């Protein structure tokens, strides 16, 4: 995080090509990082070749969690707004996708509009609830808890929609059992069916094609957000996080900025919900509960909230760990809770961030210790 | 007679709701309202209280004593948590929020693993009485009475004891209290423990009415927070009373006019509206008003 | 109050406070303060600790709302405007507590205020210019936390300047600076005058104020106690008394 | 010597503010510390009280090394602290504020209330009022009265004249002298109000940039040029 792009000496030979991707608000800039990044994406892309179908289905789910982690990192890590109810937007996105898909699938033949609805509806909801909270000057903790309450309330509402009167066109909210078609016996919701003109592609959640789609989308979202946080907007977000009062004295409408990023994060969380609903072809009120909400916070806090990459990594690794642990009995959540508490005590900025820093200090130590040799190496590099 | 029964029913509900909110929030009013620590594990401490009560009761100990055990147990657990974890997070609201949420997950999962998804319930004592064609549980009124007693004793502790004075001073300005010879570390631990003990007693009281499970606490934490936040930090007791009266009042009213769910939503809606109008809570507003009124009157006197 | 007289030569006056009152608990930090700041000048505000100087700045910038009274900027009533709106009208402030973004680099710190007026492409050059003005050349890539105390103070001033205000409020710009650093600060402040920036300075360091040699207001108990050139203020027995005691 | 400070270093984080300060205060002596704003006087006071841990050097009080002792323990040994900005508990009543001073010097009873009320009659009238509603001068009296409820042997006063009406400053000056003369206390006072210093101080220590640059008697300080040089007024 130490070198701004303007400081004269480029921090990496890649800088001229990568522009915003390599800005100072994200960790990892040099050749090793991008080689590592491409390696990880390649390995993930090759997974369907090696893994069993069951694993691929799970891996798709991990990647879907990644979107949620990115959305929380964006508002919490970059703008300092913690939401304990980020899963609410996930759930709203999922329900919106399901309801629209059930109603439009027959007439349209694809779920394009449903997918867009699953992103837009959470954003509209975020503008509404965020507008109230930010313009009422609620302090950070109140926002965090109010979002949890909002999430729980929506969950509570969704639970009591078992009555057949809660039917929206072809969709029946279905109470505890989750959203389902109003008429068919089959309770499943539509998978993603992407259409362009007359041609359609169906991405079944159990297939590798869905996995590739999600992986591609996650990579694009990550890189896109990386550009965003390294742009002027990202700088101002960080200003709002570090000292909102001071940032306001430079003429920035801090509340508007907070609202905009809150809304953007809601859209990304909504996308996560869309993909989840299409993946499992179901969505139910548990998604609004304490469990999913706390999981997002754990991923992001343990990975490192102030960097998109570490938050994403936290989500993927911890999801994988908890899948391993689930086979050991009910210990998974206990382990995750303990990991969170321990990490907050020993590495409050996140495990990946702290490890990265250790790595950096070790590197500088080696560099200074064996300075002459290291200089020679960089010298020859420069030529 | 029927109208009397109806009115009685509504009043009973109101008292029930008030008692419920006060008991849920009574520990948190100390931990959040006074100490400024966000303890998302408060519900889990209530759950610990409920378990202690249930186990003691089934071991043959009378319920009132079992509930006292619950308070002591939860208080001790709270003090241990304070020393191990919480004290690293004073003045860091968001971090304390996250870490205590982690604690809440740990505690509830540990109980799930050790004791399973549910344990034997404790029967509700005292039976019930009829009014009109409805029957009303007596224990609910006992809950209300205990809630009132708890608030009164908390107030007395902080208003009249040396510990109370020192605790209030420490919460306002720990450095100054320290420089006056007060061991502020102990005061923090004791105050936190007291808050947890109240949570434990509340959990024990609720254990006699509810299903006891490891996720018992989740029902209470958000409610308790809303109550405390709406009350504000100006004055813990007036805050709690004003907040509970307004929230329980609205809940009861809407509950009777529409239904239980809308009653809940209305309560949260009311909380939101109050916070929008008075972002620092009701009691802060009252304090400010008092100061303003006094200023105005003193100005009149002097002129 | 004394408003009508000022409205006639409004173009001459950039900032005006009328009857500002601010009450905290039992303490009246400001007690009906009237103050007029002339355009294109340096204006010093002095007064014993607790006279209400920093509170005054908060009112002027809109960080807090006064209990009563009004603030006029370029003749426009800004009392109800929020801080960012006042900033957009051309006001900037450096608070008493050092307000730099500790976790960011010097360049990033300057980027945030500069971005309001410049395209990202132009910012590196602008940042370099600001840094040159502050004698901080070449520090772009340093973390602000690694700068010395004096350098951080300059950067804080530089950030406020980078917003290109027409009115700059400086609360104790030389606090904690060595005499050499203080001299440089004095130079920076004086140079601003030629660039059309009106500067209001709160300061305790009388040598610094003397060096600026500009109109000076003395605050005492939240009111304007005296006003005049620094030489007049320095000779004013009353002012000496409130500063050094009245036994 | 009651208080002995040798080569004290302290500050916040990596920023060294007090640099190699040595001085002492004899029993029954009033020592004034003067200097411009921001030269480290308040940091020095906080280090003496124990609210900032020292990076080096030694503080001895009553021949006990208190350098590593917590602020609470130092208070119980008999160091009374009246901070800049008064540090009263605004939400507590005046009476409760006074009771908070009981532990200073480990006094066992609260019989000292009468003495405090004799010094500051206004506090008796206001006993049940919230301390936050007092005026600046009353708050200052409360802050001094509070440590007198205990039994301090050393009093550290940080700018008692700040934001206080002149007549109250005079009163505070008289009280400081009485504390020394009648009660045999030792006082270290940080002050900018020269008249108050002239009125009470036996000795003045001048600080600049975190170190002691001169030691003067109160009379030497009276020379107009001296004050001007050191305080830049």
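Things to note:
Each chain carries a letter (A, B, C and D) given by its place in the written order, and its residues are counted from 1.
Note that in this section a residue touches a chain if its C-beta (ideal position, glycine included) is under 8 Å from a C-beta of that chain, and two chains touch if they have at least 3 such contacts.
Predicted, not measured: the structure shown is a model, and the values here were computed from it.
Centroid distances built from C-alpha atoms place C farthest away from subunit B.
When the interfaces C-D and A-B are ranked by how many C-beta pairs touch across them, A-B comes first.
We define each chain's centre as the mean of its Cα atoms; on that basis subunit C and subunit D are separated by 32 Å.
The distance from the centre of subunit A to the centre of subunit D, with each centre set as the mean of the Cα atoms, comes to 55 Å. Rounded to a whole number, the gap between the C-alpha centres of subunit A and subunit B is 35 angstrom. Note on chain placement: the centre of subunit A and the centre of subunit C lie 43 Å apart, centres being C-alpha means. Chain contacts: subunit B has residues 291 touching two or more partner chains.
With touch defined as above, residues shared between interfaces to two or more other chains in subunit C number as follows: 25-26. For subunit A in complex with subunit B, the touching residues are 82, 84, 132, 136-142, 144-146, 148-149, 152-153, 156-157, 160, 290, 294, 297-298, 301, 329-331, 333-334, 336-338, 340-341, 344-345, 348. Listing the residues of subunit C that touch subunit A in their complex gives 61, 63, 82-84, 87-88, 92-93, 95, 99, 101-105, 107-108, 111-113, 115-116, 120, 123-124, 127, 140-141, 143, 159-160, 163. Put simply, subunit A touches subunit C in their complex at residues 2-4, 6-8, 24, 231-232, 235-236, 238-239, 242-243, 245-254.
In the complex of the two chains, the subunit B residues touching subunit D come out as 162, 165-166, 168-169, 172-173, 175-184, 291, 294.
By the touch criterion stated above, subunit D contacts subunit C in their complex at residues 15, 36-38, 90, 132-136, 139, 159, 161-163, 166, 169-170, 173, 192-196, 198-199, 209, 227, 232-233.
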